[in-house]
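Two complexes are shown next, each including subunit A; its partner changes from subunit B in the first to subunit C in the second.
Showing the complex of A and B:
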């Protein structure tokens, strides 16, 4: 139907534009020189090694990892029941509830971070890590609701009604019939939530304290102070981590159809 | 459908209350701060914002960048989406995977790559000097162009994915039918394809526009204080000027832009579908 050559040309350019910069970071991180340059000056592992010796990176990596796992878990604990209620119960105000739990995705992150800092952290003396946990949970919640809701919509509701008719309790039917069937969706929601929280910058921008900084914020600060390729090396490592996660998720649950 | 309302509410309320307390209430208090100055309810902070030429310039620049990125993303998006749906199913899946992948990579890392590409000793400058087009490095960073390229790279995948699924849902025979009836490619695109993929374009456009006008990392790294956008201006107002009133004004403008785009584009999509 269409000429093939222009089509391949377009796709080549697209891939070059989207993926090319990633190869640039990888190449820059193996540079032997002391400033960021391309093509890299020589070849060495020293910047990759340096990433592992910068103490603040270790602490902020641990914090980001912890936040991403705990906040995504909390968002699912809140998000699965509300998605179930929205898809299986006839609720008055259902649209209002949906808007409320989805709103963190529409309000710009920097506004959320500032609001939390001024009206939860400062007046109530809330711990920064706790405020980060709450902010990230709110941020991941819309993704959890969206992906889990889509899985629930694709699952026929008569099978759990049948289970209830056959004498199962509502809760029993949920855990034995519904949950096993939306496993893929929950796993996809977890991965999407994890990545969203781990990479999040605007929300966490104001929520930093002495020694409490998420990894992306720490990287931004480091970039302002130094111009050496260690941030390139760290970026490359993080990109490899994301690629690994997505690759495994794609193999097992067909991740890209949930995004 | 279960009819038990109490049970349904018991399942829905924890999440709704959490989002309201942690999120909606603090944001509303923040926004009201911009209308409550020196103990009075007033809109003076808003008139100050629109009276300041710097603030107006930043607002206009943010809008302009958002619109440009969205337009260019739509053009590249259609070209790419056509190419992707013309592939065989297996390579189509692989190609979608490649398009989705950057979305999972840290935006800090993705933006950082542009420092390497556009920096003084970056690829573009090296190439220009080797070819002899310039003797010394030209400044590519900290310009609107750099911010534009960074934003486009960041948000283009969202547009491509939306348009691919819109094209996949389009009936197969409409383009050949229009062709047989003598329409040229321009007519086919504007009279057949565009109306049938409008919803995908609207969804992709909303994501790209709102993402661009509310992005922090890209303007902060690639624009610096030379190319302020509303978000980086807000950050400066809080951290440098400690001016919460002005920050709250910018926050409301950002929220209006984000909510407004969502509502407006949803309206356009449904209104035209009814007609």
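Showing the complex of A and C:
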């Protein structure tokens, strides 16, 4: 029992460190005061209400949602076949492909953003939304490949041969027996990709321009101009959204098995 | 069963990179035959089966099935069934849907489909499990589903790659009997792969014994069991004492040794099962290095000047202790004469 006491203390500290900020933000968002502060002054819903009236938040939320969904979808359209090829065929350059595909995790986002800005947006005048879409797809791809690959590793490859021997084509076998068996992994990859893209700051920072801003960048900008608790309220709302998504995912596919 | 050739493999060669797994294999099988492909692990049995199924492309040679060259025909068009050692059931589909899979691809729907699926499940005694998922079945039951899934397609040939090796001993016997029954009832041409000689002897119309990617001997179970042609086959079917013959004498660790009796003409080697060694008297001597009780008999491993000898004695006789020196003989008239030593 004695030996356990310090470990409980460490655990408590750790949990406080992880979830503490979340409680601070939630508390701050119900403040009645006019500046972001903790402990909050009084209690009111006015900052939560204000979030929904800020027009730039609506536009940037829509853009972030759109980006997260479309980029994650694109990353999966690319990532599922890549993962499949890597797991089922002995490709001569398999390791190289794996490294290239994983590089956005290793290379700091700030470098990716700067590179895209320097070599695509500035010289070719590429559309900002398009460059954001490309950058987010590249960022999400490694997560998609990792999670989907893990699912494929757990799936025996002989079921595809069994399907072929029963008259299916190779491609048919992929859709009939592979895809249905990795749909949990694909859904998990989608959620992980969605959250990664939605919360992405460093890459987006370089690529956002006038009128085109993702939500996290917009929040940064807002805080520079106005120091009221509505940013806290928005953060709390987003945190609840993430928790909700993960909770539902855990309920239906056992999300934690995949990540 | 008819005599004309239904499936033939002609000089079939398959390689994985530089490793030649099957090397010029020739084999002819009649319609309705139950063949077992027997051989030690790594001799190319699985590779051969995968080539027949169309899952591997041969580097050379030809596969003829039902009068047609199928060497280049895709696996999905060959009408060859394969029961995998691992069952390879579709985990997301129910037992019913697993069996229906191939029939649906053939375009079967409604009553026809249901009738054929249930008939298939009935053959393997699993009708009451139709709505279960594979994970909710025992190994033996999964194996049956796998069998039904292949059989409802009425394959021209049914291949089974070590189908019993994941089952425990009792189930193995049960499944083996069931396979035999299904084969008799349907008359399907069947190739059964195993590395277990007992299984091969019990099941087969003919046994194909493989070694190093080629056929070493083909014959009925009795042929192989009693008349092995080479030392490899002899050893595989339990002739554990094999000596080459040179000028009418045995070539042993101790040089040329005369044989008691006359060596049959043309024998390149002689082979004795442990039970064929005459223990207790004879011109040779060996000291007991190992004894093991095997139910009705006791098996002795002797160190002799001829080399190690495996002999057998009735278990009712008193046991010879380790280190005891025993006289024995290798009588030529009991030995199986081999055409080849190597």
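By our rule, the second predicted complex is superposed on the first by the 249 of 259 C-alpha atoms of A that agree within 3 Å, B and C clash if a C-alpha of one lies under 4 Å from a C-alpha of the other, contacts with A are read in each partner's own complex, and residues count from 1 in each chain.
Just so it is clear, a residue touches a chain if its C-beta (ideal position, glycine included) is under 8 Å from a C-beta of that chain, and two chains touch if they have at least 3 such contacts.
Not measured: the values here are computed from a predicted model.
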Identify the partner contact of A:48: answer first if only subunit B is touched, second if only subunit C is, both if each is, neither if none is. neither
Considering only touches as defined above, state whether A:89 meets subunit B (first), subunit C (second), both or neither. first
Chosen between subunit B and subunit C, the partner touching more subunit A residues is B
In the superposed arrangement, does A:159 touch subunit B (first), subunit C (second), both or neither? second
With both complexes superposed on chain A, which partner does A:235 reach: first (subunit B), second (subunit C), both or neither? first
Which parts of subunit A are touched by subunit B and by subunit C alike? none
Could you pull out which subunit C residues touch subunit A in their complex? 53-55, 74-78, 80-82, 84, 86, 88-92, 101-102, 105-106, 149-150, 153
Please give the residue numbers of subunit B that touch subunit A in the complex, ascending. 1-5, 7-9, 11-12, 14-16, 18-20, 22-27, 29-30, 76, 79-80, 82-84, 86-87, 93, 95-110, 112-117, 119, 121-123, 126, 153, 156-157, 160-161, 175-176, 210, 214, 216-217, 220-221, 231, 234-235, 238, 244, 247, 251, 254-255, 258-259, 262
Subunit C partner, complex, touching residues on subunit A are 156, 158-159, 161-169, 172, 176-177, 180-181
Touching residues (chain side subunit A, partner subunit B) in the complex: 1-2, 4, 6-8, 10-11, 14-15, 17-19, 21-22, 24-25, 28, 35-39, 78-79, 81-82, 84-86, 88-92, 97, 100-101, 103-104, 106-112, 114-116, 118-120, 134-135, 137-138, 141, 145, 157, 170, 195, 198-199, 201-202, 205-206, 216, 219-220, 223, 231-232, 234-236, 238-239, 242-243, 245-246, 250, 256, 259
